[in-house]
Amino acid sequence: MPDQLLYAIEAGLNGLMAGVLYALVALGFVLIFKASGIFNYAQGVLALFAALTLVGFQNGQIPFAHLINAIFGTDLHTFGWQLPAIVAIVLAAGVMVILSIIIERYVLKHLVNQAPIILFMATIGLAYFLEGLGDIMWGADIKKLDVGLPQGINETIDTVTYNAFGYGFFIDNLDIVASVVAALLVISLTIFSQYSKQGRALRAVADDHQAALSVGISLRFIWVLVWSIAGFVALVAGIMWGSKSGVQFSLSLIALKALPVLMLGGFTSIPGAIVGGLIIGMGEKLFEFFVGPMIGGATENWFAYVLALLFLVFRPQGLFGEKIIERV
Amino acid sequence: MFYREAGDFKTSYADDSQTFPIRFDRLRYYAVMAVAFGVIPFFINDYWANAVFVPFLIYAIAALGLNILTGYCGQVSLGTGGFMAVGAYAVYKLMTAFPDVSILIHVLLAGGITAMVGVLFGLPSLRIKGFYLAVATLAAQFFLVWLFNKVPWFYNYSASGQISAPERTILGQAVTGANTTAPAKYLFCLIILVALAWLARNLTRGTVGRKWMAIRDMDIAAEIIGVNPLTTKLSAFAISSFYIGVAGALFFAVYLGAAEVGEAFGIQKSFLILFMIIIGGLGSIFGSFAGAAFMVLMPVLLKNLLVGQLGWATDLAAHLELMIVGALIVIFLIAEPHGMAQLWRLAKEKLRLWPFPH
Amino acid sequence: MLDATKTDTLLEVNNIEVIYNHVILVLKGVSLSVPKGGITALLGGNGAGKTTTLKAISNLLHSERGEVTKGSIVYRGERVQDMSPADLVKKGVIQVMEGRHCFGHLTVEDNLLTGAYTRTDREVAKDLEMVYHYFPRLKERRKSQAGYTSGGEQQMVAIGRALMSRPETILLDEPSMGLAPQLVEQIFEIVKAVNEKEGVTFLLAEQNTNVALRYAHYGYILESGRVVMDGPAKDLRENPDVKEFYLGMSDKGRKSFRDVRSYRRRKRWLA
Amino acid sequence: DLVVPNLSYRTGPYAPNGIPYADGFNDYFTLLNERDGGIGGELVRVPECETAYNTEKGVECYESTKGDGALVFNPLSTGITYQLIPKVTADGITLYTPGYGRTSAANGKIFEWVFNYPANYWDGASVAVKHLLDENGGDLSGKKIALVYHNSAYGKEPIRTLQELSAKHGFELVEIPVDHPGQEQKSQWLQIRRDKPDYVLMWGWGVMNAVAIQEAVNIRYPMDHFIGVWWSGSENDVIPAGEGANGYKAIGFHGTGADYPVYGDLKQYVYDAGKAAGDGSNPGNVLYSRGMYAAMIISEAIRKGQEIAGHSAVNAAEVREGFENLNLTQERLTELGLPGFAQPIEATCADHGGPGSAMIFQWDAAASTWNQASDWITADSEVLDPLIAEDSAAFAAENNIAERCN
Amino acid sequence: MNQMNPEGYVTADGRKIGPVLMEMKNISLRFGGVKAITDISFDIREGEIRAIIGPNGAGKSSMLNVISGFYVPQDGEVWFRGYKRGPMKPYQVARLGIARTFQNIALFDGMSVLDNIMTGRLTLMKSGLFSQAMWWGKAEKEETEHREKVEKIIDFLEIQPIRKTPVGRLPYGLKKRVELARALAAEPKLLLLDEPMAGMNVEEKEDMCRFILDVNDEFGTTIALIEHDMGVVMDLSDRVVVMDYGKKIGDGTPDEVRSNPDVINAYLGVSHD
């Protein structure tokens, strides 16, 4: 049936777009993993925190208002001004840099040379902390995020495809914007990590903390640098996801959507994040679309993981990941 | 000297490899057992049982299980929640299908079924390693949860997919269902825990344990000196899943009484138990207990302190609680990456040297 | 040859104590002074504390949960104990760690280039050529991932990497370990050349006492965390104890390894 | 004093919904205490306990407040409800779950300690279908109705009923689950775009609602053909979609908005006195009203219990009597400052489920208000009663419970 | 020459060497473009100490890895005890009685010295999972028996005081010794040693030599040894294979090898002992 084919193409295209959004989150993971061998579970919460901060600035919310009111019996809520989106974004990015400095200073610095699983756990601790902090700073209610990105069906594509196939494809404008942003990020980050001195240093640090120290690489600088970049990526992801569904706790759970992408693309590869995202996004959408209704639906959560798992059995380091060195 | 080893000589190898080679430790162990069996059951009430002891005992079993897999065999798993669900649903099906068989047997069978599922999901570990494996185990987590949610046979076709534990007794005492008394719950879980801890201890000090640890520390070298990675990893998956399955069964049947798979056995559970073993100490039986105690007690304590004592609003308290638990985890890892068990060992080393600093 | 007594002291270690994990006391008051432009050898058996001493100097102890609890380390008159390893490298002190520690996933060339991380000048390419000149084997393997190169090749990478930082002082931990005899000789020749031509100061920990004392100007002998003997290399070489225990010489020249068992065996193999 | 714990969730994935509900609940009791000196002269104490929508925390909260002498629990979570049903039965404490929880608990013959009036999920499903029947001149045959549901115990509740109803009225039912939390619903909505169902019903919670409405807007699904259950009909759900959400419908079993006389008292005794539970942004919105509704019913039941017992310091068993004999009339609602806010309820020993009626509200995006779009619609008891009897009989058999009220 | 005698020969100091235990025939091993081993053949006789020497990167460790089954050569055959060895996993090779030490120490860092050495006996221990879980009868008895054997090795290598120390804390030299102990614990027919004396001073090397000689002597264990210390190689070994760039450039008694001009050129350089 040609109709089925058109539906499939539409679902597939939308899957690709969703994949790009997953990739945006995965990118943050990759950066940090590449630069320190840390599997940063807090990436999702980082995105939430960034988005909360952005909205907070935009709406002139007073941070910690709830806490202050509780302690001092005051009744503070907002400063009463609204900031333009671009200013708020810059400020939020600044907060992410400060946050990276704090994280380096109080967490990472003390965990140099520890086993990867310990570092992983530390990031989960961090995730808890940031989750609580975000809520206390900005409140746990749902917030609308609007930085002026277009949203809704893209009319042009709809009309063009309608004229061509007799069926208008649905593509969300927001997804198109996200794809462009993701492409830019991936290209610039790839260039940064492949061709700069810092990029080489990042990879060195991931291999061996101690040896990196011994050649004079400042772990502190490297870590603040990548966490800041990852924080910025989180902000971008937070903006995209927040525009779709509002800013609230569940935003942090997008991390779970990024993990299979990461597996498939390889933990250490920036292009891998995007390619993995595309494969996962398309795969899970098509599967849910065609097979889902037959087996009861809601397959997306596990399908992505199972797909990635099957893939790994054949290529244990993911598509573009660095091969695990096995030598004695 | 507070803590002495000197003068405690061993004359046989069997003596030397016993669980508590040092007399001081042995005495302390007997004291703990005496309190656990002889004192607590007489004082325990519903609150202490349901909010503290029963969850602690059950989580300790799960932590033991995960510690076998992750702490001893080095395979990081994030599928614990899913495996607990297998235990829970297995015990539910068994309880409702064979109401006359003893619940104890059901619980053990549930463990056995989980072990089989564990082996199945353990197979990829032969190819996939490290974090890739950890993330891959999430496939088990999500798939199992989906399965139990989707296939009505598992929840006996109930309208909402919830499962509820019917009442079952042992020696005339209810151990599941709403009429269970606090001491009965507590003792039932305690006995299972003690038995399983003892088995875990035996396994980890012998040949199997050494194979696991060899694979953990350096899998290639282990294979070259004669450890079969296939059987070793799968045995770890099987035994670990057995423990986790038993924990899941108890969690549902004794502790919650009713469960919904996504809520009770979601990914948060997997992380929680991983936390327990890391905070407690990877590759340490004592660590499994310590970690479970920490993660169960900490929130309860904080809540009682912030809300009960200081009278803070519950949401502020909950947010602060998250921050404090998060910070404590980080602080713990920084202070001693090898967990509370290592902290304890170092404390002992210090005491041994006392009053000299080194 | 340099006379150690007459030159300035570049690095001074005063009576340091090192404790691992808060409980294990490893160095029990070690003092050394390393003269500018000299080659100083640190000798001693397994576990004597050589590596620990070097790590204490380069501030790499923290990451192993060790700390200097007493004494001081002074470099060019400045206390450097609380500095970060990176700052120390910028000051010109670099360590070649025991056990190679290459960046396994990086290529050999990238490994070498990380050595130049702290440098800002434009002569890195020239120095890369210099390292390849010293170690032609590395040039052949420049594109291989270091993790897959042989033990000896990794050792070359580690030393080459340190040279790439154009250091003033190199702390060399067991450079000869795992290297073919020819190469050991070569490496020490390189050390000597670098020392003489570029004036780089060396502090090297070595088990291979024989070579070490041939190239060093001054030596310290460490035993279980204490300096038990020190003196100009020449004197140490002549010392009868050193000869017997560290150089394996008896009065009749080198003794065969096959003979040792007849008089040193302490215990029989009970089957 | 009287202890009515508030098992709330102000953190976690459902906090945006839990907060206004808990505020409404607290504020109403604060009003009673401040204005009337409590109920029947007894002050009401509302210890709050954070569950984060998590069953284990729910247990802890239950046990810790139970020790305080709790009279009635209202956990606002289907999961926690299921778990508490056997416990409250053993402990002899009332569990009140308005509009959520276990549907068959409406059968008082089996569920002595559980009350879920005025309406349950099955009522909701039936009301929605009846509304559609009204719109289609009584005939739905050949129509296609999609159910987009939260893939959990809660979301699955209406399926049985809708299946029965589809058989009865001849419409086709398409079930479309969405996994927690529901941040990503592209494939579900593409499926809807492909299948073009005539109507979409939604059983969602939390962020899932907002995303679903946004996606519906994106694919230009007609909003007035999209009906949510009462848990999918709060301001949180429609506001993010902005203008596009205009016309979206939701079922409700109580009024919303701050136009009721009781708000005058609330303002005077609670908000202006600085005793409000939240930050003041919620009064009048849907979930706040629902929290207030629950508090109002509980307080009326307590009042009834006091009346029956003849003293004001009632215990848990006496409160249950109050629930079972509750007779809430329109006049009483007017007295309470809530005229027309809800349906009258007349509970009996066998009937713990109430009238089972609800009405349809429609979102007006420009005015940001929910407007009434139908009268009270009563559920189809012909279909529901056998289902309830069947499900509660199964529970009774599993737990050896004998029928009461005979 | 007596070395060609298939039944074996007697060394200068009177040790009896048996027939061929292991034979490598035309082994070639490549990693992508890197030719680690090119067409190498040699044999190892029972009771012999066989050294493999060569410059860094010559392919020596790779050869040991081929023997222990970790690398699978593209070409060539491995014969052991008169049989051609089929494709085998490393752990199966270990069960044939081949034990080894590693160039970059591969001890199990999380375990005590004693446990590390006990792992060496894994191939010899048989009690099942169940009896171990119960720790009665067989498992406990077996554990004690093997512990006795291991204690003897501990005595022999003089590492009694560190028995319970976690190996991660040990200095390099002791780790090497523990590794040897672990290999010995397997009671191997053939023992492969990859640079056992790297990073040791003369005194420690003497000790190590003594251990190696004793093992060879008392147990008749065949030993294949890679070592860069020429003194050690020349004094200890019966025959020496010399490799360079993956090719064999010499094979024979130490004296023969020492005077082989190819070997001097590629490896030894000027002699200076």
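Going in written order, the chains are labelled A, B, C, D and E, and every chain counts its residues from 1.
To be clear about the criterion, a residue touches a chain if its C-beta (ideal position, glycine included) is under 8 Å from a C-beta of that chain, and two chains touch if they have at least 3 such contacts.
Small disclaimer: the values here were computed from a predicted structure and weren't measured.
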Pick out whichever of the two, B-E or C-E, is joined by more C-beta pairs in contact. C-E
Top of the farthest list for chain A, CA-centroid basis, is E
Which whole number of Å gives the spacing of the CA centres of chain D and chain E? 75
Rounded to the nearest Å, the gap between Cα centres of chain A and chain B is 32
Could you tell me the distance, in whole angstrom, between the mean C-alpha positions of chain A and chain E? 50
Between chain B and chain C, tell me the centre distance in angstrom, where each centre is the average of that chain's C-alpha atoms. 47
Among all residues of chain B, which ones touch two or more of the remaining chains? 146, 149, 220-221, 224, 313, 315, 318-319, 322
Hunt down the residues of chain D that sit against at least two other chains at once, touch-wise. 10-11, 15, 19, 151, 179
Two or more partner chains touched - positions in chain E: 70, 102-104, 106
Among all the chains shown, which pairs meet the touch rule set out at the top? A-B, A-C, A-D, A-E, B-C, B-D, B-E, C-E
Residues of chain A that touch chain B when the two form their complex: 39, 66-67, 70, 106-107, 110-111, 114-118, 120-122, 124-133, 135-136, 140, 256, 259-260, 262-263, 267, 295-296, 298-299, 301-302, 305-306, 308-309, 312-313, 316-318, 321, 324, 326-328
The answer for chain D against chain B in the complex is residues 8, 10-11, 15, 19, 48-50, 52-56, 59-60, 62-64, 66-67, 78-79, 82-83, 85-87, 89-91, 102-104, 151-154, 156-157, 159-160, 179-180, 391, 394-395, 398-400
If you look only at chain B, which of its residues touch chain D in the complex? 46-47, 50-51, 55, 96, 146, 149, 158-162, 164, 166-167, 177-179, 255-260, 262-264, 266, 300, 303, 307, 313-315, 317-319, 322
If we count contacts the way the header does, which residues on chain B are in touch with chain C in the complex? 346, 349-350, 353, 358
Touching chain D in the complex, chain A uses residues 7, 10-11, 14-15, 17-18, 65-66, 69, 73, 75, 77, 135, 139-142, 144, 151-153, 170, 172, 241, 244-246, 248-251, 253-254, 257, 284-285, 288-289, 292-293, 296-298, 300-301
